[in-house]
Amino acid sequence: MNPNATVAEGRAAGAPAGATRGAQTRVREILSWYGSDNPGCKANLARMMNHGILAGTGRMVILPVDQGFEHGPARSFALNPAGYDPRYHVELAIESGCNAYAAPLGFLEAGAAPYAGEIPLILKLNNHDVLHDEKDPISSVTGSVADALRLGCAAIGFTIYPGSANAGRMYEQIQALGDEAKRVGLAVVIWSYPRGSGLSKDGETAIDVVAYAAHIAAQLGAHVIKVKLPTEHIEQEEARKVYEKMAIPVGTLAERVRHVVQSTFDGRRIVIFSGGAMKGQDEEVVNEARAIRDGGGFGSIIGRNSFQRKKPEAILLLKRIMAVYSGTAP
Amino acid sequence: MNPNATVAEGRAAGAPAGATRGAQTRVREILSWYGSDNPGCKANLARMMNHGILAGTGRMVILPVDQGFEHGPARSFALNPAGYDPRYHVELAIESGCNAYAAPLGFLEAGAAPYAGEIPLILKLNNHDVLHDEKDPISSVTGSVADALRLGCAAIGFTIYPGSANAGRMYEQIQALGDEAKRVGLAVVIWSYPRGSGLSKDGETAIDVVAYAAHIAAQLGAHVIKVKLPTEHIEQEEARKVYEKMAIPVGTLAERVRHVVQSTFDGRRIVIFSGGAMKGQDEEVVNEARAIRDGGGFGSIIGRNSFQRKKPEAILLLKRIMAVYSGTAP
Amino acid sequence: MNPNATVAEGRAAGAPAGATRGAQTRVREILSWYGSDNPGCKANLARMMNHGILAGTGRMVILPVDQGFEHGPARSFALNPAGYDPRYHVELAIESGCNAYAAPLGFLEAGAAPYAGEIPLILKLNNHDVLHDEKDPISSVTGSVADALRLGCAAIGFTIYPGSANAGRMYEQIQALGDEAKRVGLAVVIWSYPRGSGLSKDGETAIDVVAYAAHIAAQLGAHVIKVKLPTEHIEQEEARKVYEKMAIPVGTLAERVRHVVQSTFDGRRIVIFSGGAMKGQDEEVVNEARAIRDGGGFGSIIGRNSFQRKKPEAILLLKRIMAVYSGTAP
Amino acid sequence: MNPNATVAEGRAAGAPAGATRGAQTRVREILSWYGSDNPGCKANLARMMNHGILAGTGRMVILPVDQGFEHGPARSFALNPAGYDPRYHVELAIESGCNAYAAPLGFLEAGAAPYAGEIPLILKLNNHDVLHDEKDPISSVTGSVADALRLGCAAIGFTIYPGSANAGRMYEQIQALGDEAKRVGLAVVIWSYPRGSGLSKDGETAIDVVAYAAHIAAQLGAHVIKVKLPTEHIEQEEARKVYEKMAIPVGTLAERVRHVVQSTFDGRRIVIFSGGAMKGQDEEVVNEARAIRDGGGFGSIIGRNSFQRKKPEAILLLKRIMAVYSGTAP
Amino acid sequence: MNPNATVAEGRAAGAPAGATRGAQTRVREILSWYGSDNPGCKANLARMMNHGILAGTGRMVILPVDQGFEHGPARSFALNPAGYDPRYHVELAIESGCNAYAAPLGFLEAGAAPYAGEIPLILKLNNHDVLHDEKDPISSVTGSVADALRLGCAAIGFTIYPGSANAGRMYEQIQALGDEAKRVGLAVVIWSYPRGSGLSKDGETAIDVVAYAAHIAAQLGAHVIKVKLPTEHIEQEEARKVYEKMAIPVGTLAERVRHVVQSTFDGRRIVIFSGGAMKGQDEEVVNEARAIRDGGGFGSIIGRNSFQRKKPEAILLLKRIMAVYSGTAP
């Protein structure tokens, strides 16, 4: 090794083959946006960004598996029964080269120990089930920052439902939990899913609403923000006036992603997008990744489209998506 | 004794006659699923699994007596007035060779001291009465982790009502209590009983709902989960589509048990089943045990069918059930 | 089974073959001496008394392995190098049918998990090494009650050195730790070893001093007291006057044991005796057990004489000793 | 990638080129020794073992830089003035491919942020200076577990001086700090350096004393133990008898390392060795690494021999040492 | 500037008018060295650096008045009786354009309110008096972080005495207080004054000792370090070898300052120097400032040489010193 080697080159010793000085530079650039955070939070953000196939690219693909809690086990796992086993998902995340794996308390307790230290973990601190249907949903707090530490997590995850009459309660919960998490160096990931009596069904993915929801999550102090891919629909009349007057381009998915990224502190927060329900065609999922990439999004969080198919197929799809983000595929 | 005896053989000295190396292996295998727990939690799980007639089999029969609180004393104990005395139930659990005895604070305070160390105890930390009837029930927290320790318990017990508008509140309570209990090495047993305005009466025992409720309890971090035996009914339309599409077999009780076990982390959490109301025929109760055994369930929690009859009859029935689980009866 | 069967008979289902109604009665009798303790402490005392070959007899043989810390690893384990492995001792305690295993934090952390729930554990909360030699020794606090709970222990252990200028500090430490332990249902075992500038070398095992040390431990609130076997020597002049005037019989080992037992609340506290350094002849160790038994002592704590020989020999010796206590050998 | 790839293969995506399934197996094997620890501690141990050139080998080379505090800045850094800059050492650790970097609070505060997440950090929680010389030294607590979390550390480090009259105070401090650290998932590294009025100067590195010191650190609950390389000298008379009687081989450095490893829970704790003062000849340092490797030691902690020379030379030497451990050099 | 300038005029010195882009760049550069600190700490450091005549230069002159406590009132204030009034010193600091004013609790309580917000304040959290003289001094904690907040301070100040047998106790106090202060965004200033039985009288200002003391303060996490100007004397034999071997230049005061600055994280921590006792000649004090400037020091802390003369003279002297630092005087 060249004795004048820089840190970035030295880092390569413990990093994937693809990690270059440029990649290291990109991760450090992203970390520079979090100047108010202690080195612990930055290190955990870096751990997620420096892990897996996309290590060092500043892009992320995260595997989340909270659908068992959110939708029930059969709806989640019957299509690929291997997924009933909590170890399956950790293995899938590791083998496919994801940046991180996110799940509720029980799944992490059952899955964290055998693979300790092998992939960054995100503990989902609140969850919701559909055995009771509410117009104005609120998730229940089902885990703690102490749990995240004892399970060796890099981050906590938390869902808010802007548009719900109960949104304020969730904002207050993540305020307290986020403060506690940042103090101990954990990163904060907010799932921001507009729902509730304040919105129409179409409004939940309307471009104005999704951009607004991402902004709220950023304002609540999230390091990483997860939203659904937005549609062209505009929900709020007051918003529509501005979108039309300023001719904000939201016609293509990439344009809408770009608008959400801009709405999330002009791109100075990591915002990633969820794929939603199981897609019929892989190409559809990959195209979404292309649009996210082209719009400047930071990556995908892909649950049902990965764990609801056989593992080899899931890995193939995840790697196609990562190839889009890493630039090795068109 | 052979001086080359292994640990399993040595253990036999302090274990029931039937405990073999295989049995020890089974308990250790079950404990291996709880890799995130400290040795204290594992020891208390082992204590329950290594006690009584089913010691070492990995199956459990637990005697719960919280009906006095839940339904009132006369409805609970008039059929067999010996049961008004809190000592009666501890003796019944000990004499019949149950794995553990579960009760609310008062019953344990009155019954724990005279039989200290003679049977693993579970303190039910929340309870509900029927003097006020709610559409969306919530149990009240009536005991603490500190109580469980001072009473010498092996575990805490907690009831959740998925389907209730108040379910979230109970999830948050068990999150906090479970965290505290695990820290001090107590096992966590969750009674997951779907009820409330989100469900029809039939839905409370519907196969999709019971499997979902068991999954929620596991995600909340339960070591042991107790649910009711499910019926063939399917409550939720979104779930029905999956059950039908994937042709999930739920026609027999054993099949339904198997599905619940699978829904509880693919069998990597201990899930046991309650017998429900007093049955007219013993054979019915024993047949349920057979179905639980054949479906891979871990055992039964039998309250009214044991303490609402004379002790000799109760012991006879409990031993018949244990014989089913231990394989000494068909 | 006779429907009028008592608890003791029912208990037999989960107890060693030898446990009889009389045995259960003896354990309950001993527990009755601890009327100020909560059921948790009693249950943990019962767990130790109901485990292993001596289960139910009210006698105990405990395996303690803190010599690695106290004397250094080579002096402790070179004679039988298998003992360098922390798992060895847990296995030895289990296989030989001891009532409990006592060790410092590191040995329990390394040994508790694989054998969770298979033998009652005692966490030694303070330890001393000989790399610095003091005239007035004090052990350092090297573990906590929280450690004991997370490791699934039945008791804490603590050493005091009556006769040391630092004795008062140790009394104050066990006061605080004992209080904390009893609150959470852990039993308290005190090793009471007279040492220090207040005593001659012979005085450390003088009958008056050992009896006094046992009494101090009892007064400090110990549930179980461990002392060394006393000699006929009398250390303190003021004491000698009384021993001579009242002609207290201390000529034989059994008489001295009886006097120590009497001095420990007239036999209403469990007092056990240590064997000390490795003996040349097994017979010597067995004879000591006979004297302890005949003097009304509650058992032995046998470290070096068990783990400093090959396991088969150790098990043979331990079983010979237990046969003395259980009455199956002369 | 083969879609049937196992976890070990998938892990390779985020691991150094050399990481094989066998390597992953070795790390998991080592983690299995820490069965009482939560997944957080295991993950942080894994993070250190899976980083740098020795990732996955189960061997470690750590760069510690606390000499500025311990000996003063000129004695530490004047030989290579680049080392006055706290960033220099983090860069050296990263560029040379070390497993971790250890330093006091100030150095980490000044160095952690720019390289967040790029190398596992160990916060030395106590430190000692030589402006006041004591016969019985004690280090001062200069950092906290909260500091370690906010700085993103994988472990805390703590020095004990067995043989000092103040040793007990340090044992008690690490008991409390270690308990706190383990609770939040941080690994615990103990520097065990015999010193003080209980020992002669030669005794500080005597084989019996070093083995004893390593054992004490393990009993205090250390995950990783650091001792000095021992000499053939035997300090304590009582120990000498055993070494001679049992003919414990301590003639070569490799034999002495083997004895220390055995004394540290029969090799079931990670024990690494320090190189001590700046050596004249590199070959001497490399030969020490060979002896550590051949004796079954887990690696080296190399301070002055690395940072007291120019960076290119330091990297060359560190890589030569790592080649010894990884088996790519004789 | 007119020495009779009012507060308003003095304050103007720290207002935007004088601040150039280059100056702002320097402050930001200095802040970049504190990457582990939250914006609160950085803001308070910036407040001190952006106040007064030296605003934006990265140099500081601080007025400390704790001599009343340290030496008694007559020795401190009789020379200029105006100094008995606590308001006098705040006014002096404001009027002379100092960066900050440091004092014990009482002086700040008496002086903070009338001039609230007019000058950055530093609360000295520990103090020492000479009514009891010790060989190994320790200061008493006489204020709290809460006091600093309620008094509107920018920083806490704390004195350590490296070389005292009690140094460790002070290190532990500032560890705890510093952690607390940083959490609430206060800057930490450490006065590091070698004293005590480990040092000769000459050793207290020996170049090796002062450099070491500055390094210790930095390692303890200080943002700003204050030491005495060092002499050419070398105290420690082990250090002397290195100074001679490496020919470290310490012949002139500027060289010695440069060495201290280097020893304080290679200049990446703010280190300022105290003038000591009242000098006969102003020129001597100004010359010291020149040496500090030329050696790369960050400024002066000037107590007795300012408040022990009439205010106009004091202001003249302080302004001469500031002119040296700002480059407007040679």
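Descriptive notes on the structure:
Each chain carries a letter (A, B, C, D and E) given by its place in the written order, and its residues are counted from 1.
Throughout what follows, contacts are C-beta pairs under 8 Å (C-beta built on N, C-alpha and C of every residue); 3 or more make two chains touch, one makes a residue touch a chain.
Since this is a predicted model, take the numbers as computed values, not measurements.
Where touching is counted per the definition, the chains common to chain A and chain E are D.
Chains that touch both chain C and chain E: D.
When chain centres are defined as mean Cα coordinates, B lies farthest from chain E.
Comparing the centres of all chains, each the average of its CA atoms, the largest separation from chain A belongs to C.
The angle needed to superpose chain A on chain D by their Cα atoms is 180 degrees, rounded to the nearest 5.
Homomeric contact chain A/chain B: same residue numbering on both sides for under half of the interface positions.
Mean C-alpha positions place chain A and chain C at a centre distance of 56 Å. For the pair chain C and chain D, the distance between mean C-alpha positions equals 37 Å.
Centre-to-centre spacing of chain B and chain D amounts to 47 Å, using the average Cα coordinate of each chain.
Each of the following residues of chain D touches two or more other chains: 35-36, 38-39, 112-114, 146, 150-151.
In terms of which chains touch, the assembly is arranged in some other way, matching none of the line, ring, star or all-to-all patterns. Under the touch rule stated earlier, the contacting chain pairs are A-B, A-D, A-E, B-C, B-D, C-D, D-E. Considering their complex, residues 1, 3-7, 9-11, 13-17, 24, 27-28, 31, 38-47, 49-53, 55, 91, 94-97, 112-119, 146, 149-153, 183-185, 311-313, 315-316, 319 of chain A touch chain D. By the touch criterion given at the top, residues 68-69, 71-75, 77-79, 81, 84-86, 104-110, 112-114, 127, 129-134, 138-144, 146-147, 150-151 of chain C touch chain D in their complex.
Across the interface of their complex, chain A is touched by residues 35-36, 38-39 of chain E. Residues of chain E that touch chain D in their complex: 33-37, 136, 162-165, 167-169, 171-172, 175-176, 179, 194, 196-199, 208-209, 211-213, 215-216, 218-222, 236, 238-239, 242-243, 246, 248, 259, 262-263, 265-266, 268-269.
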